[in-house]
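Would you mind keeping the following structure in view while I ask a few things?
In order of appearance the chains are A, B, C, D and E, and numbering begins at 1 in each one.
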Amino acid sequence: MAKFIKKRSKKAGLPPGTLVHIGEEQGERTRIRVLEYDEVNFHERGLESLEECFLFKKEPTVTWVNVEGVHEVAVLEKLGNCFGLHPLVMEDILNTDQRPKIENYGEDLFIVLKILSYDESKGEIGAEQASLVLRANAVLSFTEKEKSVFTPIQDRLRNGKGRLRKMGADYLVYTLLDIIVDHYFAILEKLGEKVEELEEILLANPSAAVLQQIQTLKKEMIFLRRWVWPLREVINSLEKGESSWIREGTRFYLRDVYDHTVQVMDTIEIFRDMLSGMLDIYLSSLNNRMNGVMKVLTIIATIFMPLTFLAGVYGMNFKHMPELEWRWGYPVVWIIMASVVVFMLISFRRKKWL
Amino acid sequence: MAKFIKKRSKKAGLPPGTLVHIGEEQGERTRIRVLEYDEVNFHERGLESLEECFLFKKEPTVTWVNVEGVHEVAVLEKLGNCFGLHPLVMEDILNTDQRPKIENYGEDLFIVLKILSYDESKGEIGAEQASLVLRANAVLSFTEKEKSVFTPIQDRLRNGKGRLRKMGADYLVYTLLDIIVDHYFAILEKLGEKVEELEEILLANPSAAVLQQIQTLKKEMIFLRRWVWPLREVINSLEKGESSWIREGTRFYLRDVYDHTVQVMDTIEIFRDMLSGMLDIYLSSLNNRMNGVMKVLTIIATIFMPLTFLAGVYGMNFKHMPELEWRWGYPVVWIIMASVVVFMLISFRRKKWL
Amino acid sequence: MAKFIKKRSKKAGLPPGTLVHIGEEQGERTRIRVLEYDEVNFHERGLESLEECFLFKKEPTVTWVNVEGVHEVAVLEKLGNCFGLHPLVMEDILNTDQRPKIENYGEDLFIVLKILSYDESKGEIGAEQASLVLRANAVLSFTEKEKSVFTPIQDRLRNGKGRLRKMGADYLVYTLLDIIVDHYFAILEKLGEKVEELEEILLANPSAAVLQQIQTLKKEMIFLRRWVWPLREVINSLEKGESSWIREGTRFYLRDVYDHTVQVMDTIEIFRDMLSGMLDIYLSSLNNRMNGVMKVLTIIATIFMPLTFLAGVYGMNFKHMPELEWRWGYPVVWIIMASVVVFMLISFRRKKWL
Amino acid sequence: MAKFIKKRSKKAGLPPGTLVHIGEEQGERTRIRVLEYDEVNFHERGLESLEECFLFKKEPTVTWVNVEGVHEVAVLEKLGNCFGLHPLVMEDILNTDQRPKIENYGEDLFIVLKILSYDESKGEIGAEQASLVLRANAVLSFTEKEKSVFTPIQDRLRNGKGRLRKMGADYLVYTLLDIIVDHYFAILEKLGEKVEELEEILLANPSAAVLQQIQTLKKEMIFLRRWVWPLREVINSLEKGESSWIREGTRFYLRDVYDHTVQVMDTIEIFRDMLSGMLDIYLSSLNNRMNGVMKVLTIIATIFMPLTFLAGVYGMNFKHMPELEWRWGYPVVWIIMASVVVFMLISFRRKKWL
Amino acid sequence: MAKFIKKRSKKAGLPPGTLVHIGEEQGERTRIRVLEYDEVNFHERGLESLEECFLFKKEPTVTWVNVEGVHEVAVLEKLGNCFGLHPLVMEDILNTDQRPKIENYGEDLFIVLKILSYDESKGEIGAEQASLVLRANAVLSFTEKEKSVFTPIQDRLRNGKGRLRKMGADYLVYTLLDIIVDHYFAILEKLGEKVEELEEILLANPSAAVLQQIQTLKKEMIFLRRWVWPLREVINSLEKGESSWIREGTRFYLRDVYDHTVQVMDTIEIFRDMLSGMLDIYLSSLNNRMNGVMKVLTIIATIFMPLTFLAGVYGMNFKHMPELEWRWGYPVVWIIMASVVVFMLISFRRKKWL
């Protein structure tokens, strides 16, 4: 759980707009890449010194500033000032415990969402915050980690193939959203496999460990939901025309991403329902097993108690017990005992206990 | 579950509009049939070469292009270009893991929904994606499998009976929606029979297999819901005038289909409630059975423990045990034992255990 | 359940507007009664031949055509044509598996709802579909069964007492709705009695049969809900002015019926909550009873096991067992045994098991 | 339950507006008090003869007609006619099984709500219907019982202190609503005490009676909810300006009552949640107790079964059993038995059963 | 619970606007501090005599009147009159059992919310009511306790650093809201730690005490929800422009606080889901443990019952029992017994009971 609820309390009491990094330090330096392009030109460079940023602020082509790593407060503060970002935007970029949201700051449209990845080694879902700022002909993107999911898009820009180079900054934002949401499906497939696996284990051998795993998966669903649910609203209000930077032609594409997030939500809900069903199965299998144990006990007791009693009777030391003297007393007792056993077994079979 | 969550991850990172078929390959070739009709004329042909499609693009009669099989990407791409379909429409037609939805692309109205069928051999519900494109006087329909639910409508067109030939393309879309939704009722009847059957088994013999089947049915309800729920919205927004291609007279009919989908949803909810009730019955029947087992054990123990104790007492080897010497000691012990048994049985009957 | 989910599949594939009767055949002929009235005049006749219906189509008085029995497709088709009813209206009248709904067909306002009755002999709720068509100065009503709930209203019209004869066709529709909803309260009282009865049985003797009955009642609540819930919407949209045939003065009365349906819904919800509570009581009473059984077993075992052991000890055949030779050995053993019993009983009482 | 679901069925089939009293007869005569006041004048009288009511109909001061007891149909009918109340209003006043509601009859604003009281002797909540009619400068109030919650307000009017005498009829309605809602808090405190008490009993000794009481409280919450929930809507629509009789200055006060009803609802929801939690505790305490019983049984059986077996072995009558001849055979057996007991006790302590 | 449901009943029947303090008396005197500031000036004083308050009523700078302690009714009444607060505002300030709400009294905007703190010694959450009144250029704040969460804001004003001194009264309200909501995160962290701790205990040793703690935490979540949920609405309507005192630039900041409250709600919901999951684990661990106990019992009984029976057989005193005479009878019986034990152990291992 520690990974989900981040420490925010160190901010309590500070004036709003104070820049404090909340989240894990990723241990790497903040890397800034600037990509400028239009249909024919493409220019790319790493940002060495933050003073030069003023230069491309007014360029007519589309400018994409991609920032990886948000824990270097000083660097980001400089960057924010240089681009004239609102102090609250800067605060939210550094505070990596945001819910997905969209905010309209006049010139800037500010979007926060989560990039999800599956950590194979730990077997759990990792989340990283992505912040996007869209303005007239520029996009600023901030991610926490270095190896970005945005790399394929940079490659597409470099190659100049496809629609991307021909369209504006709004289409670039769409492309970034699209690739992030596409990654959600990969996560869902992983979780789907886990659910399936668990279902099989549950039927074969419902141990307490299974319950533990069901609960862990349920918890992961809760957090997934928390990250995806508000995203729907974000993309919907983006599509429905919250900002003037979104052109008409891009809306079709945004609607497509919207459909994908709805599908992601649907699948999460289905997994939740499945896990609830599995819990029911687990609990009733516990009950069933107890039933099994009790039946064994009852069968044993029901067979041996009467027999032991009979044996006890003829172990009594009364002077006058005529049966004890009989020639065939002992075999007859054995026959009686055998009959009791047979009778018991038949009645158990009738009750379907055997 | 594998059948419900399809692999989408192979699309992650590709530019939007890239045509990739997602879904099972149905193993047959894509078949295209064109039906042109108005009140007096009817012309039908299979489409041999895709170049000729340009010919009927402007014909004044209603044109229905029915495509069966969507896994041949090249064929469909040609078709899409020939009809000027938006790349996102083409992408969605090929990706058979869509939720039902309606989208307005200016000229074209694009509808996605599911055709459900019941596979008797496997005893499970099968789903196939149907995509409909409605434009001024033409309808394009895409289904995954060859043996289409649309055959009776083609027959009706050929016969020329009924309202269908007199009305426009919007009425044809309505007719297609209507026949798809009508098939849902057949599925619901099948499921209803299963639920009923299960209910009877549950009362007769609530085994663990019943639980399994209840859960399977519950899961099927979850998926049905997923496919039908958004359809309501689709047909509602179709009726409420999303598109200018829907004429006033057709709205009454669309409302009718809308009512049917609501009824389908209602029935699904009722089945869900019933299955929940069955789960409760199952769990308490487990409990009841355990109670039964425990009672048997307790009755046996309660009767035989005192008897065995008595027998044990007179099996002791004390020198001075006057009872042992008595003439009627042995019969008296038997009488005492019999009284104990009778007393126990009476008290059990009072507790309603017998 | 069979009675709730009706066979609709025989309609699949037929063109819309095809008249097929769905529902139980009530075995009687369709009976048509025409009542024409205004404040001073009242004229009533059974409809012999369907040709004459054209005569009263334009009469200025209020005309009420009451049709009992909807399974004679031919008769109803004639009737529909004669009154110019929309084919979809006719289809819905014959299909008795409709949800309550209201539809505006320009001239005609079409209302479907359920008449509920309690079948004392079977001890279950019966539902019958009522379809009402309201036009300028006429009302058509269709019911499935012969003995109609509308009889008291016909009597009121004949007597000419009260407001009914002075008001228009819209007030007649209100009166019909009102009497149908009033019958719901009778059903609820019946169910209320059943719930109460069950509650008492549950406290006295919570057997498995009680669970069965709780589930049956729950199922009946589900269906009641299904029939009443959409009715709220129907009457609300009727009151809120869906149609121009509803006069201002009638709205107060419709609001009153609306309140009644809300009350019916409330009561159904309360019953559902109560039944859930009863399920909890039942389940925990099972648990309690198991506890009781287990206690008996444990008490018996705890008392007799040590005693039997003691008896066993002095039944051993060792050569050197000094106690066996003692003069008071046997009585001393009895005293020890009695002490064990007393000690056990005290400790059970401390645990509140006795 | 009988007290909550009142018999309405005697009304079924009667024409709307027929006056029938539904509810318990309170056994007292209907008492009518008229209070006329403005800032300086105050006039009060009991209404002797109903003919005189016409006199004060047009007086310019605020007139409050307070009616206690609604089961004398004839008296109330006269009153209704004299004040020109709508027949549906009269019907609702007599039918004491209404949900809280507000209705606008042009001149009159009609409000129905419940007065709750706690009957200490029976230990249950009692509900009484209050109906208020607000017109230009008059308020009519109807309650079922004689000893009214409105007495303090009459006293305040008589004393002439506070804002009440200076304000109009709408403020009087507010004052009546306010005192009724204030009584709800007293009920909630009583229920709160009960819940608290139950919680303590539950922890000390979770018997089946506790379950019964939890369910009873839950049922009371259901009914409270039913009475308070619609009241929120009533007061909200009163405040939001449903009627022209509500002056601007009174809205602040109505908002205050609205806040109180919301708070009442909140508290009811909290109690419901608490009771659910208590149910969980109860059920798991049952389980825990069963565990305890089972442990005792298992400990006893596990200790004495091996011992009894050992004793049985040396009770066998084989000719050649060397141990029986040994000098120290008997003490050695005792030592073995003691070791078994010690070993068992240690292993139970390890399992934390002791 | 006593701490959550406060006694309101002492107010029942009093005229609205009567000032009664509801809540715990904090035992300290009411302390009033006045801070006047603009960008350059800052003036602060404690309010000695309430007559002088009239002086700063019209000052052009921003005035913040901070009142600590609301139980001295007389002092607060004077204050209310001096500032011309609406009687209902005064009533709500004194009644510390309010839900968070916002109310627009023309000139004044009145906000009620809760300050939460974690009492380390008692280990529970404490709540204190904060009331804020915003007017043109003044803010009045009322808190219950002396040591206020507002101290850091007073310090910031004194230091004159940051945005606060440059902005208007609306920004001051925002700052107060912000610091209160920031404290919620500290509470959530505390609760998060508790939940985590409980989760670990639950896995290690699921005792009845854990259940108790889960329920206590659940109850705390219920109350947190009750305090935070309406706050969302409050801040939303503040941001959406309920009042003219809120300037455009402040809205961005209010949106930020709104986001925080949503995040608080989200986290509460997640904790609730987690606690539900823990309840499931607890209940099934009870079941599991019972299973364990039953297995021990069954194993013991299944092994020793047949053995005791065998011993009993050869303890019988029949004259003619050939086995008793055999030379190797006794050892053979031992061998048979050993085989039974081995056979039983093997079959238990197969059932995975050992």
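A few remarks follow.
We adopt the following convention: a contact is a pair of C-beta atoms (placed from the backbone, for glycine too) under 8 Å apart; a residue touches a chain by one contact, two chains touch by 3 or more.
Just so you know, these numbers come straight off a predicted model, no measurement behind them.
Annotation of subunit C and subunit E: jointly contacted by D, touch as defined at the top. Computed from the mean C-alpha positions, the centre of subunit B lies at a distance of 42 Å from the centre of subunit E.
For the pair subunit A and subunit E, the distance between C-alpha centroids works out to 26 Å. Residue positions 283, 287, 290, 294, 297, 301, 305, 308, 312, 315-317, 321 of subunit B are each in touch with at least two other chains.
Starting from subunit D and moving next to subunit E, the ring of contacting chains follows the order D, E, A, B, C.
The part of subunit B that touches subunit A in the complex is made up of residues 1-2, 4-5, 7-9, 11-13, 15-17, 86, 88, 91-92, 97-99, 101, 103, 105, 205, 208, 211-212, 215, 218-219, 222-223, 226, 279, 282-283, 286-287, 289-290, 293-294, 296-297, 300-301, 304-305, 307-308, 311-312, 314-317, 321, 323-330, 333. Contact residues on subunit A toward subunit B in their complex (touch as defined above): 152, 156, 161-164, 174-175, 178-179, 182-183, 185-186, 188-189, 192, 195-196, 199, 203, 252-253, 255-256, 259, 262-263, 266-267, 270, 273-274, 277, 280-281, 283-285, 287-288, 290-291, 294-295, 297-298, 301-302, 305-306, 308-309, 312-313, 315-321, 352-353.
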